């Protein structure tokens, strides 16, 4: 009895089915007041689905939910918000065409006495978390991490008793992550509970009090954080023991493959570097440093002022992604929903997208070969999908990412560019992607990898470049260097 | 409706006119010629654009300063065009309205501004005729009646006829259809069916005729099609079905109609003479502006073109 | 800081608003010709001509802001005129007739909203079909004959002038424009419309009653079109089933020309009015210059293509995307 | 139980087909003449112009765009083709007409790509403006006069053959259409170029990053659309033996309606020309059946609107139920 009073949320026996998928199977959770409650699990474990049920986006099929002592049968997003449950969704949840201030107070315009009041209050909130974003800028003009901060601010603007954060840190920099940590502690001290979902286990260990581990729609275990070790957690998540989070670094570095010279755009200044055969080159920098711009410019996706590329000793021109692909380059973009996938199309169609031009004979396609590719990649990458014909829209984030990566693997690219390839991907899948990366370099290809997770870059790459403000500011060998030195250069 | 403001408009417009004369209109051909705003019903319509062309030619001859405006078959554009004419300070407006009802308020304004108003081809309803000075044109209702008469004459013992109307709701379609119905009243002619088109499109009339042929087959003795180019479609449909001897009557009197009558594919073509209409209206306008007396209503008689008289009539230029 | 922001905004508007540039170009061009273009009467005439489409554009803008569109406005306008005139001719008081017409417009908007918002059909195509349907109803009601209004009082609604020069229609337009501007700018409802158009799901998750709001924009659009129908019928003292044939396309085109994005969330009623106005002004300019009908059509097409084209171009340059 | 679900599913998938069957059965019961060979030929002939235009439109819509300029293309190609028969001979005129249609479509594509239009909303009214331009050129070219084949001095047998000819019971225009349909469907389904159209409709940016040239694909779909609008125009003038500079009004709406009623989503990415055929059939049959039943013109317009709205609505519900 006594204990029950302290619970903010009690979920018992919740089940959710999607066509062909049992997303949640009799899930039960108990979340006390004033704790940070971590939920971890592989991609497709059902974490996001559970959160969407709590916030009223999906209907549950079975089970009961009790929020703040009240049984909730049916809820809608607005009711959930009013009750005091706010959520930061995994996918961005902002209106790009409106200003930061208006987004924070979306739908509550009159509560703040019009435009001026809204922006004023938004300013106060942003200041309170130490963000310098101008409330009058359009959200569409922000970078991924700035958007994330706006989302966090938005969740704070409600007087919530429970805040769900579904991978809030996936695009935050170290600096911002620190701020987020402070915010979380502040909230917890005020007696507000937080559900924290992340694939970055360090954060889980740092912030959370209790952790629930999910796999395939089931709750595997719930334990206070002190009673868990990292490897134990990983083992429970993936259902087997993983010795290392990173495979051994591959060392096949050979002669120069791609030389980038004198690359200038409106944002980039004098970028020069060389990529060698069999090398994984990491690009490190703060958000907005221009890493994405560098690789897009190389790939021919953006306009450039000047650019010289030398591939295998021969000067080449790359003025469009088409040229880039013809030279054996491939790009996995950072925003998979907008730039990577055709969400309405099937998993298979998304996988074969890049390879179509290879299997077409004089422009005529071969359905049989397409099928082969689909099945091969689904097996190779262990993509969790009912069938190749299922819509990619319904896959979990990690599995969607695998589709985008898989599309290029089929082509054995010489240069594969990966922009945040493991964003929102679970440990198991990450490992698989790392192994795949190693396989590519083994075959003589080379990889440029952008990642905001420093450990990942340091463990995977043979060489690291730091980018700051559109310039390359340093070159390091990750085995020899101290991470703090790299961050130093990245900050500028 | 609004006396005071109307008065002011009048002085305004008068001042504007004076100004025009002071500075000399750029388009003015001769110093003393009157300016006329010629508002065409729809420049995309063949007959209308033809009448506009001859009006421009005729005006040059008469030393009239004529500017043409298009209402594109839209009643609202007609009122806009009238307002533009008033603003430009013309001496006379001659309009062939797409919807005669709809221009009445705008014409009131024009009259208040002291502008001579002439209606061309379509007249206002009887109760609003005070808002125009003169009317020149053929009577579409009469065209329908004449078409009916031609059929009655050809089939004194009665027959079955189908009617294919022009664009649904268009002034000419409405009047021709009403006239046709009125003309048949009391006769022993049966109207099997009657359909309008979405546009004045030959394709529409052809499709309707094809369906009629399937449905009524040889029962059809005569066809009344509202326009000559539509009759082309009717003739095509009949040819495709190998039907001969169907008595076709159509209105307009364009070259296509004359050609059909000459080949014998079309029995009767009710022709309207735009040359006469234009000459008469410009004449009336000149007289009205000069303050001379003129005929208020000028019916331009319709020609009933048949194979007998087709060669004696001047071949139309459109 | 605030003045600077205003200045930047003004510059942005001028650069973004190709329609304003087009208007300026026309105004300058007309200085070189000796016509009555710069007379009070003519300007009132242009404004008055833009009124009917302008009023419809207000409602359409609401739907477009919510990332939908309404092409049935031509049909609604026509229907409302027919209903009003028929009822007045049958002896009803003018006010009752007008009210019924507005209700009819609201009813059509309700159905449009049901289909588009509730049933999630494609607004472009469904409202296009609805327009055809309404046109048929008008033809049925009038037997495709134009009908004159027998009560001359009805004419006064649109044909009065105030202060001697200003047609009352222009006043109506101004009032409606101000109301819509304020609603969109200063009320939660208005801001919610922008949110819905910007990102429907986000608006929904943020607790905005997206369905009702988006639905209501269709009702507003219907009512405004019906109002425009009444004013048009009063202006012309008649109703006919052929009114409004191209209105749907033209008004939606005007809205987009003004800079209200068909993708939703960007724009406003002032822009829309400018968009409708630019087409009207252009036609007036060309009439004043005595340009032939075909060339007018050609020039109008070219202007539409250029304004919208450079709008696209501007957006593209900003992002430097593929 | 399983069977009833199958029936329901089949019906849900083929609502248009169902509508067509119901329409035919009702008409045939009330008016047996509907089933005559003559009427069958009629329907196939009336099917002509719209079916070509709608087929071209299908691929634009699959590519995620729309084309309102077909009206202008039909007008312009019609008058130019007919006027070229005398100077160039009929074969030359025919080829020039097709070439002109293709070129106008190409021009659309190039202009849109040049301006950098990326989404449906952006192209919609630009093509509307283009339509206005093409239409105006047609009017200027002819001075708004209708041209008549009967006044030509050169023979125009090919056009007569297209307009009236029959091979067995089948109209020539129908056969031409089937050939075009098969060819273009094969192109769309089996070739890389065709697949790129679908990719463009699905996600233009993703497709570009996968190394496909979306600008070229965009020009391609508009060129196809222009070509088919030109073919539609030629079938039209052959059928009615005249060419009017304002012919084609309303074709853009009917074509888009046919495509969508057929079941190709306006959102792009999926669809097929075969579905469009059903949509066209529904629209043509609707007017034919109601003419057979003696429904008044006004009621016909109401019915047309109603059927279209309901068809699109039901089709949409179906989509939602299946997913």
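Letters A, B, C and D mark the chains in the order given here, with residues in each chain numbered from 1 onward.
Quick note on the criterion: contacts are C-beta pairs under 8 Å (C-beta built on N, C-alpha and C of every residue); 3 or more make two chains touch, one makes a residue touch a chain.
Here the structure is a predicted model, which means the values were calculated and not measured.
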Path length in the contact graph (chain A to chain B, fewest steps): 2
Centroid-based (C-alpha) most distant chain relative to chain B: A
Chain pair with more C-beta contacts, A-C versus B-D: B-D
Rounded Å distance, chain B centre to chain C centre (Cα mean): 32
Intercentroid distance (Cα basis), chain D paired with chain A, Å: 44
Chain A: positions in contact with at least two other chains: 301, 320-321
Sites on chain D at which at least two other chains make contact: 139, 144, 205, 208-209, 267, 296-298, 301
Touching two or more other chains - residue numbers and ranges from chain C: 139, 144, 293-294, 321-322
Touching pairs - complete list by chain label: A-C, A-D, B-C, B-D, C-D
Chain D partner contacts - residues on chain B that touch it in the complex: 43-46, 49-50, 53, 165, 168, 193, 195-196, 198-199, 201-203, 206-208, 210-215, 217, 229, 232-233, 236, 239-241, 256, 259, 263, 318
Complex contacts: residues of chain A adjacent to chain D: 299, 301, 320-322, 324-326, 331, 333, 338-345, 353-354, 356-357, 360, 363-365, 391, 407
Chain C residues within the chain D interface of the complex: 115, 119-122, 124-126, 128-137, 139-140, 143-144, 249, 252-253, 256-257, 261-263, 293-295, 297-298, 300-305, 308-313, 315-316, 321-322
For the chain C and chain B complex, residues of the former touching the latter: 33-36, 39-42, 45, 48-49, 52, 139, 142, 144-148, 152, 155-156, 158-161, 164-165, 232, 235-238, 240-243, 245-246, 280, 283-284, 287-288, 290, 292-294, 296
Interfacial residue positions of chain C with respect to chain A in the complex: 5, 185-188, 191-192, 194-195, 197-199, 201-209, 264-266, 320-322
